[in-house]
Every structure is written in C-alpha cells, then in structure tokens.
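Pasting a structure below so you can have a look.
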Amino acid sequence: MRFGLSEEQTLLSDSITRFLADNVPLEEVRKVASGEASDSAVWQGLTELGVPGLMIPEDHGGVGLGSLDAVVVADCLGGNVTPSPFISSAVIAPTILLAAGKREDLLGSIAGGEVRIGIAFGEAIGARVDADVKVSGGKISGKSLFALDTQADHFLVATKGKHIYLVSASDCEVTDLPTVDRTRTTCEIKYNDVAAELISDDPAVFTEALDRARVVMASDTLGAAQHMIDEAVAYAKVREQFNRPIASFQAVKHMCAQMIADLEPCRSMVWYAGHALDSVPEEARLLACHTKAHLAEVGRSVSKTATEVHGGMGFTDLLGLHYWFKRCGFNRQMLGVPEVVREEAARLQGLAA
Amino acid sequence: MELSFGPEYESFREEVRDFITTHKDQQAPSSAGSEAGKSWQKTLIEAGYTARTIPKEYGGFGAAPDMVKSRIINEEFSTARMPGGLGGQGISMLIPTLLEMGTDEQKEQFIKPTLHGEMVWCQGYSEPGAGSDLASLRTSAVLDGDEWVINGSKIWTSTAHLAHWMFCLVRTEPDAPKHNGISFLLLRMDTPGIEIRPLVDMTMNANFNEVFFTDVRVPKDQIVGRRGQGWQVANAILGHERDSLADPNASMTRLNSLIDLMKTETLGGERLIDNPLYRERLMKIQGRVMAMRYNDMRVLSSRLNKDQEAPLARMITKLQGTELRHELEALAIDAMGEVGLSFGSNPYLRGGGSWQYQFMYFLGLIIGGGTNQIQKNIISERGLGMPKEPKIEK
Amino acid sequence: MRFGLSEEQTLLSDSITRFLADNVPLEEVRKVASGEASDSAVWQGLTELGVPGLMIPEDHGGVGLGSLDAVVVADCLGGNVTPSPFISSAVIAPTILLAAGKREDLLGSIAGGEVRIGIAFGEAIGARVDADVKVSGGKISGKSLFALDTQADHFLVATKGKHIYLVSASDCEVTDLPTVDRTRTTCEIKYNDVAAELISDDPAVFTEALDRARVVMASDTLGAAQHMIDEAVAYAKVREQFNRPIASFQAVKHMCAQMIADLEPCRSMVWYAGHALDSVPEEARLLACHTKAHLAEVGRSVSKTATEVHGGMGFTDLLGLHYWFKRCGFNRQMLGVPEVVREEAARLQGLAA
Amino acid sequence: MELSFGPEYESFREEVRDFITTHKDQQAPSSAGSEAGKSWQKTLIEAGYTARTIPKEYGGFGAAPDMVKSRIINEEFSTARMPGGLGGQGISMLIPTLLEMGTDEQKEQFIKPTLHGEMVWCQGYSEPGAGSDLASLRTSAVLDGDEWVINGSKIWTSTAHLAHWMFCLVRTEPDAPKHNGISFLLLRMDTPGIEIRPLVDMTMNANFNEVFFTDVRVPKDQIVGRRGQGWQVANAILGHERDSLADPNASMTRLNSLIDLMKTETLGGERLIDNPLYRERLMKIQGRVMAMRYNDMRVLSSRLNKDQEAPLARMITKLQGTELRHELEALAIDAMGEVGLSFGSNPYLRGGGSWQYQFMYFLGLIIGGGTNQIQKNIISERGLGMPKEPKIEK
C-alpha cells in the first residue's frame, strides 16, 4: 500500500516547478496580467515539457499520462500562478475528443501547442445572464459567457442538454471578459449562425470532462493556497513588530496553524480524486464534486488569512500576493460554484431530486 | 428608550432639508482642489453644515459642538445624496489636532486655508517597518541649526501626490524610550529631497503612496507640541479614524443593494433571491447588520447621555463591521458565479465592479486602521481587563 | 435621544438580579435540574417581585409593563439559569388572552402565581414527528410535543392554522419530556377528545405572542451568554498555566474578544426588538425573527468558546457552567430553529414565497 | 497510488474473516473484568488478533510489528461489529511503556496479568492545577526509608473506581527544573490514603474521577525509569493517545448515521434531507470528512513507507477531527429542532440520545488530550517551524 505520488509523478512535479521558477517568475506573470504579454510564450515553454499533451495518448503525439498526473501539474501551475490554458486545452479538450472519438486529428496539434481549444461550459452547468446557445442544422447561434481561453483557436461549446459542439474561433465574435484573475482569460462568444460540428451528444462525455476539470482546478487552488501559506509563514518569521518576529505571536501562529490544518487534508483529497478518475470510476464523480467544492472553501479562507498575516504588505501589489488570492477566487467561481457542486454531490447519492 | 431627538432637532432637520431642496441641483465637485469644490465648501461652511464647530476666526462656522446636529446633517445629506463638505486627512485629522495642540501661529497659518481647500494635506505615520507597532517608527529628524533634517520613508500615504503639505511623525530623540522619542512635524511636499512613489494595491488602484525622505530640511518651528511629545499629539485624535471604517448605516445601504442584485440576477433562469442557500446567507448577514446598527445607536446614545457608558459597544465596531462588510461583498460574488468575477473593462460588471472592489477593499480595512488582531488585543485588554502580553524590549 | 434602559428598567433588573443571587444560587438550580425540587418555590419568590404579572395590566392584577421590561427580566433569568415558566406563563399566555380578549378572568391568577399556563406551539411553527392536533365541536384530539411547562394547569394549544385553544392539563395525558436543559420543562400532551375552548382564530394573535416570546427567549440567551463570557474572563485571569494566567495568552484573549465582539451588539438588538414590540409595530416582526435567529447563533458560538476557555473545568459539572451552555442550546431549538425563523424573516420582506 | 495491501495481506484478511465467521456469535463482554471478557481476550491473543506484538514470554502473541496487519484486524472486526480485545490505559499506555522502559522484574510482574484482564489500571497524570501545562504538576512523592510518601491529587482519572493499580507522574525533585523533577510511579489503588471521587461531566455521566492522596506509601522500587526521568518515560508513548481521539473512519460511519436520520426525521411533514439548507450543511461536512479520510490514508502510508513523510498530516488530525465531529453532531441536533433537545429518559430520543451526548463529548475532546489551542501551538511550532512564545519562569 502506498498512498501518494509515484516517483515519476514526483519527478514531473519537480521538473515543472523548476521550469516555472526559471521561466515564469512573478515579473512574467505581471506582464501577462497587465496585458503586456500573452501567455503564449509560457505555453510554448510548457510544450517542451509535454504539458499540453500530458493526457493525450502517445500515438496521438502526447505523453499519455492520467488524471493524477494532471493534478500534479495543476498543483505546480497554481503554486506559481502560471498563466496558461492548461485546464481547457490540456485537460478538457483531449478528454472530450478522446471520449467521443471525434476529431482526434486535432490532438496532435494540441499536444504540439499549435492549437488551443477553449471551453464554453457555463450554460450546461448553470446559465448566467442571457447566455444561451441553440444549434440547428449544423449551425449554432446565441452566445456563451465566461468561456475559458480568449486566445483559443476553437471552442468546445456545451448546450444545456450537454451536447458538445466544436466551433472555430474565427467564425465567431470573441470578446475578452476580464476578471479579477488576469492569469487566465475568459471571453464572451457570439455565434451568428455559424458552423458547429457535433462532437458528442452523450452527456456522459460532458460529465467525464467536467469531473476531470473540477479536480484539476481544485488542485490549482491547492497549489495556490499552499504557496500563500508558505509565504505567510516565511513573512511572519522575518517581519518584526514589538521587537519580535510576528511569527512568535500566538494569534499569528494560530492563524497559520489553522490554515495548514485546513489545507493539509486537501492534498490527500485532491490526490485521491485524481486517482479515482483514473482507477476508481465508481467513486470519481462524487470525489470530483466534493473536491471542487471543498477546495473552493479552503481556498477562500486560506487566501484571506494569508493576506491578513502579511498585514498591509499583503494588501499591496508589492509582493504580488494578490495574484494567488485572485487565482483562488477564480477557481471557486468557475465550472460550478460550491453551492451548485454540492447539490450535484447530493444528487449523485440520491439525497436530492 | 427615546429614539426621537426631540422637537428642537426636528426643526433643525427641517432646516437642513430646506437647504437640500434649495441646492438640489448641486453636483459633486469633480475633485477636491477644483474651484467648484471650494465654492461648495464655502456655501456649506456659511450654512453651518461643515466645519461646524471650528471657530469663526479660523474660517469655520463657530457653533458649539452638537453631535445630534452633526448626525442629522450627515443623515439628511446621505439620504438625499447631496455632496458633503471637503474631506481628507488635513480636515479630519490635522485641524482637530492643531485646535487642541497647535500654537496660535499654527492655527492662524494652517486651519483656514486647509478648511477652504487651498491647502491639501497628507499624513505620514506608518512606515514599512512600523505598522501595528507604529511607535517603533524610524524616520529620523535631526536638528541642524534652525532646521530639522529628515531621512527615512513613510507608507500608506494617501493623496501624497496631490498634497501641498504633510503632517508626520518622526523620531527626534533616538535614545529615549520609543513612545517618548517621537515628534509631530509639518512639512511642505515641495521641499527638496522628497520622492513620492504610488503604491498599487490588490484592487490594482494606487490608493496609497510611499514617500521617501533624503535630507529633507524643515524649519524648526514646524513642530506641533513639544519635542518627543509627538506620540501624544497624534493619539489625541487617532480613535476617530477607526470608527468611521465600518459605518453600520453604510452596511445597511449596501445590504439593500445586494437584495436588489439578488432580485435581478439569475442562475439557470432562477432569481438568486429564490435560491434558498443564498437567501439564507443574505438573511444571516441582515441579522448581523441590524445588530450592528442598534449597537451604533447605543454608542451614539452613550455619547449624548453622560450617564450612559458603552465602551465595549464602541470598541468592537471596527472588528465586526469590517468582517461583516467583507462577507457581505463575498455573498454577492458567490451568488453571481462567473459573473461575480468580472473586473476592469468587463461589460458584465455589476454595480460598476464594486462587489469585487469592495470585497478586496474591506479585506484591506480588516488589516488597516489597526489590524483586527490588534483590535482583539485592545478589546481583551481595555474592554475585558485581561493582562497584556509580557513585553520584550530589545 | 436615549437608546437604552430607563431608570425604572435598570432598577427592575437590579432587583431581579439581587433576588436571584440571594434565592436561586447554583445549588438551587441543580436541585431543580436533578428533579429533587420543582421550580414552584422560585416562581413563588418571583411572584413577590411581580414577575408573573409583569405584562398583565394593573386592573387585572398585574404590573402593566411592556415587552422591553420582559426583555430585561429574561436577561436576568438567563444570566442566572433560573428555572421558571416565565416565557409561557408571563409572556405568551397574557399576550394571547389580552389580544384575544378571552378568559381574562385567568389573568389575576396568573399574576398571582396560582395558575401556570403552558404553551404548545410546535405544530404551528413546524411540526416534528407525528405531532398533530385536530379540533372539532369544541373537542380536541391528537398530541402536542415539546410543549412548554410540564407543571402547567392549562395549556394554550395552537393548531397548524394558528387557531388557539385552551385546554385543562387535568383533562389531558401530560408526560414530561426531559431535554438537555433541565432548568425548563417540556412535555408531551395527549388529547383524547377533551374540551378545548377557542381563544382565538386570528393568526395575528398567535403571531404577536410568538414574536414576543422569541424576543424574550433571545434575551434569555443574551443573559446566559453574557454570564458565560464573564465567567470565562474571570477564570482566565486566575487560572495559571506555564507560570502565567491563561488570560495573558493571546489565543485566550482573542477567544474572549471575539465572544464579546459577537455578543455586545446583541444587547442593543434585543433591547431594540423589545422596544419595537411596544412602540414600532411596523418593525417588530422582522426584528423578532432576526433577533431570535441571531442570538441563537451567537449563543451557540459563545457557549462553546466560553467552555473551551475553561479547559477541562468547563467540561465538568464542578462549576456548573454546562447549565448555561444547555440553556443557550434549548433557546436555539425552541419556538423555531434559526433556519425556519430566517425564512420567515425573508418572507416578511417579500424575499421568499 | 497503490491502495491495495498486496496478496500476502489479502490472504491475511481472509484468515481474519474466517476467524470472525467462526466466532460470529461472540457477544461483547459485559464488562472489562468479567470472566467472559478474559476468556475472549485469551482467544484473541492466541489467534494473534490482540496483544499481537507483545512478546510471548509476557503473555502476548509475539509477532513482529506489522501496521498493515493491525489495520486489517481493526477494519474487519469493526465492519463485522466483532468485539475486540480488552482496552484501557493499562493495556494501551502502560504495557508499551514498561516494554520500553521497565525493568525485567516489572515486565514480569505487570504485563501478563494486565494483558489478561487480571490487573486493571488507571492513569494519574493531570492535576487540577496542571492541565495544558502538565509538567507543572505538584503531587509530591518524598522518599522516606524504602517508601515514597505521596501527597496531592489527580484529575481526569477514568476507571479509577475499577482499577487495581495506577501509573502516575509525581514530583520527586522539587528543586529541579520542572521537566526534570518528575518520576513515574506504580501504585496499588487499595493503598491506604487514597480517596476516589467521581467527576461528573456536562453529559451528566461520571466518565472520570478525581483521586486524592494523603500520605500514601509506595515501595521504593515501584518506579519506572530513573528518579526525575518520569517526563521522558510518559512522553515516550503520549502521542499515541491523541491520534485515536478523532478517527476519520468513525466520522464517516457517523455521517452515514446522520444521513439515515435526515432521511427519516421530518419538519412540517418534509424529510430533513429534502430541506436544502440542512442538505447543504450535510454535504459540506461530508466533503470535510472525506478530506480527513484520505489524509488518514496518507498518514498510514507514511508509516508503511519509509521514504514518505507526512508529519503535518498527522499533526492536524486531532484538531480537525474533533471540531468536525462536534459540528456533525450539531447538525443532527439543529435539523431535528425540538426533538434534537431530547435527553435522558425522553421517549423521543434519537440514536439512543447519542447526538446530544456526542455533541458535548466531542466538545470535551476539543478540550481534552491537549486542547485545540495547544494543538495549534504544536502545529505552528513543530509543523511550521514558527518560534515558541517567550517563556516566563517564575
């Protein structure tokens, strides 16, 4: 019995972490967040490590790894607030195309980092405002909101009925929708009766992709929150007030203890949820829901508390701590807010209608 | 329980309302330094609706202090969304300080122009190394002939880039115990050796600045109070600032905006207010806001009635009020889902982006103005009589 | 403008507090809680202070005071975990009989402490288990659960439709239902087609009584919670560990600060709610709901934290602290749990169906 | 991730299951000291399902330590609700202590009868004045000829009224620094001068006792370890106790009972599970219980695999687990409304009154076994490397 990452997964984590430390310092994140640069360079760099093709089988040009490996990568990406279309292009899109057995020709270009696939799932999870899409006779009309990845070449669009269509970004009117978290992009897509290719009419395909994405997003929060705790503890040890490091004040110590007490079990939960997606299908859905919702809650409290431990410095842009705060906030709201996701968890167990 | 202010004050309220009706087309001045702003300030002072208790000789209205009248003015202006008088730390912090501790010359020189918007001030208290432990500040001022020579830096200085003058705390007696080595100085912001850097915060606005001093020379007499007495000078009015950070009436107004939002925004076609989980959270917050509102009435009453005391009710306002507002803003964000993330130029912004902005801003207020951990120290020590922590002197 | 208690109310509070300190020490509470004694002696003593007739007009033999006065008394009773049928006999019953203008002949005996009226409201608020009552042709059948005051001479029973009937305890099968809080009694009443006198078929009468009872119960929690904080602070100042009073540890200080920060605004809220019942009818209902629910939450957290501050001593029976803990627990659950009451608050504002 | 224990252990699991099937009619012994209890203990030891790693010469099964086998035994016994071996602090705390620190004579004299239920022990560590700060204990033992003379008192002594012996910590070197002045003694509970008073707790049960010592004389050689070394002796095994207070598998079982409860109980005719607010709280707790469960798997794994470390995962178990259980019990009470208040002989008790009982009992566990404030000190200091508070020596 061995609960934890394999040697290969630890190596994967180390190499991604090293790459990000060397190539995506906070300065680079700031540039992307401020619009001075796009995340393309980062994505190209990650392509050399095989990240876009992580979950794509080798015979399609990928690395052929599983969900737990994606969890490992997301933990690193979140920990570094790395700008990238990882969840959309590397997790959701390959899952859908492979599960549906459609347009597998795209997989090679995804793995090669040449093609990015955006995701418009909002309407299938719980539509906001007047977002709605209609498909008839191979044409799609309407609009999607807060779709992932403004720079995508294609979008996978899910309807309320959980059918999934592929549309080309160049056929649509795509407008960036800035959110608090500028390390990932979201957009509005207007479809004016344009070509839409049916990829799947099986809701199970949508669900499989959503489950994976939720666990991966939870892992991104895990990484971000862990980073914030590490920073808070380190800052408290060097910051002196009243002639002592603030880390020696019981109030500060207990804030840090509570943060890690809340987050530490999340690591095991995220790992197990990743493992379940690969190997314990009967538990995977429930795990995906609970992991997404639980990490959303812990992410919120940790990101608040870690900011507080930093005092005024946490509120400024000087240390850039807020990028992690906002990353946790983004992950909480996207792909299902906790209330919605917990209700799904109840439904899965026959506890809600 | 007598919640009316009585007939005298009701007629005063009518007076204020008449004024508001007369001036109902008054626009909010675009900026503090604008001519329109100064002119409106003049009108308000003449009517006695701002600078009410500041002596006439210093440009004020010269009335006796009357908390009820001040409150009535605030209430009526706020209800009518009528622009109030000029604000800023010069008016709210420096003028009361000078009135209490300044020399006649200082009062003469500074109060009137400050009041009338001719002289804008910033405050230089906190330093990068002196936050919760403000008294450990290190910016030094050394007397060289007839001048103080200042070196060091200040942080959290709002409006530094607009200010003509700064009032600040500096260490003038390096060998004295830390609370006794500080002096309160006034200095012109165009003095050579001052550098201002905007300080961007997590809302991505430069609401604050850092100010750096390199051999900044200030005339010897620009000190308020005596050498080494600056801590007492500053503390004479510090308490006022803290209370205003978490006004329960503002929370109530904000709550009503949240209710409106939840009545219009939808999730899967259902109004947010119809979702039992969000509605329950809304009601929980409403209950807490109401409790804070009556707490505030009790605080006011204890100020009006000499025989009433409510020190704890007053002491807990900042701690509770800032956490409550932060949670209130969070509920709006949560309930809106992806839409709640909107920021910047996003066309789906709700409330002009104020929900995310205030969510972060109130986290800043949880930290600022004495962190909520410092507040809990104060409440337990001064409010509950619990012992201080053992002190460590270096 | 004067927000707070009048001089008379302060005197009332002082005299009740003094009476309880002298006559109802913890030893007496223990006796009642263990079943060694009933609360009759306490109630008789309180009669001398006019407590049972507090809200009964003078021409009916009472003191003729209002809701805020009842709030003041409840604060004292809760602070002393006083066993007594105050809420049922002195608050709810007089309110109903006066509002309905029925059986006012009972008021004198209530005020004189000779008659106690129990209250069976559960079914009208939200029925549990198989509790249900039916009335037809002046006869009542069915059963009520967790009715207030096992020793009552009569019960006011509310139906689902909020009609209120008076039944005689001697006509019914009354069984004590012990709860964690043995300072008040609750019972099961079985009605076997016995005489029931219609007191009111106006739901507004029920509602007025319920509102008052909820505010008074909230005030009872206020008193109990304040007592627990006072005890916790006092204990922390004398209890030494690690060569210092535990009150000097920041963790303990912040626990106490948070308790009082939560409770202090409750005092103003309870006072205002009492005042609104007397003088601001348009706000009274909303205040009653929110006050009941908010004090339930604060009562729970304060009673937990104050116990923790006492360490192991808080968990034992030695100091009797648990009587206050359980009092807060009882007040939370009776006359509407917070979730139910908040939903009523939403409904009052047109925010819920 | 490899969550199976492998074929060797799966066949061991089969073995355990066969044993359980063979003994499926075994009743839980009515009390620890009963003959049935002793006989069942003997059967279990012979099969190797309790006292597994205790050497044969001291009456145990004599197997090499194997955490996986122990866990499999626990899992299978628990699933089958098969009564386990004898418990109590003599078996769980004293025997491991003696094995590590006892003399050969002590091992000889005490382990076997303790293991076989002939000798029942209680623990005398905490004192009224020494709780969180256990090392400040004051019960004294003074050597008088060949005997220790003990005076003082102990608290939180469970089973004191049933025990034949006590192992306890006493101060033997009053002038030494506090951690170095303590010795670990063994004494007979029928020694003259011992008085036992039951200690009723908030659940109204006497789960604990106070024990008072007046000139209690104990033979000199009834000491474990050396004089002044008692703190080290006791701490060699203290950690074990803490972990068992908040077993996540027990929380999961309890959560399932709560789900069953919410499916059957009603409010206004609606099942509690159909109330969105209670359902949401249930789901929140379920998510947390699951997180603690996988955390526990990680802890187990780190014990089985030398190259894995998870010190924080282990350190947070008590803090998180006890709070979580307290909240879980609270949800049951809340959802049941008035019915949730039932206690004692109330016929509407649900779960035999266990919801209210456990709600309070887990508040006791939040406090006991190292208060959750002490846990946070440990997590921040040992887990996060934050500095200790400045110490104050009297």
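A, B, C and D label the chains in the order they appear, each numbered from 1.
Please note the rule applied: a contact is a pair of C-beta atoms (placed from the backbone, for glycine too) under 8 Å apart; a residue touches a chain by one contact, two chains touch by 3 or more.
None of these values were measured; they are calculated from a predicted model.
Looking at which of A-C and C-D shares more C-beta pairs in contact, the answer is the pair C-D. At the far end from subunit C, in terms of centres built from Cα atoms, lies A.
Between the Cα centres of subunit A and subunit C there is a gap of 50 Å.
The mean-CA centres of subunit A and subunit B are about 39 angstrom from one another, to the nearest whole unit.
In subunit C, the residues touching two or more other chains are 244, 249-252, 254, 339. Within subunit D, contacts with two or more other chains are made by residues 276-277, 280, 373, 376, 389-390, 392.
If you check the complex, the residues on subunit C that touch subunit D are 122, 126-129, 145-146, 175, 177-181, 186, 188, 240-244, 246, 249, 251-252, 300, 304, 307-308, 311-312, 314-318, 321-322, 325-326, 329-330, 332-334, 337-340. Residues of subunit C touching subunit B in their complex: 1-6, 68, 233, 236-237, 244-245, 247-248, 250, 252-254, 256-258, 260-262, 264-269, 271-272, 275, 279, 287, 290-291, 293-294, 297, 339, 342-343, 345-346, 349, 351-353.
Interface residues of subunit D, counted against subunit A in their complex, comprise 1-6, 68, 259, 273-274, 276, 279-280, 282-284, 286-288, 290-292, 294-295, 297-298, 300-302, 304-305, 308, 312-313, 316, 319-320, 373, 375-377, 379-381, 383-390.
Put simply, subunit D touches subunit C in their complex at residues 126, 129-133, 136, 155-156, 199-202, 204, 208, 265-269, 275, 277-278, 326, 330, 333-334, 336-348, 356, 360, 363-364, 366-368, 371-373, 376, 389, 391-394. Interface of subunit D with subunit B (complex): residues 276-277, 280, 390, 392.
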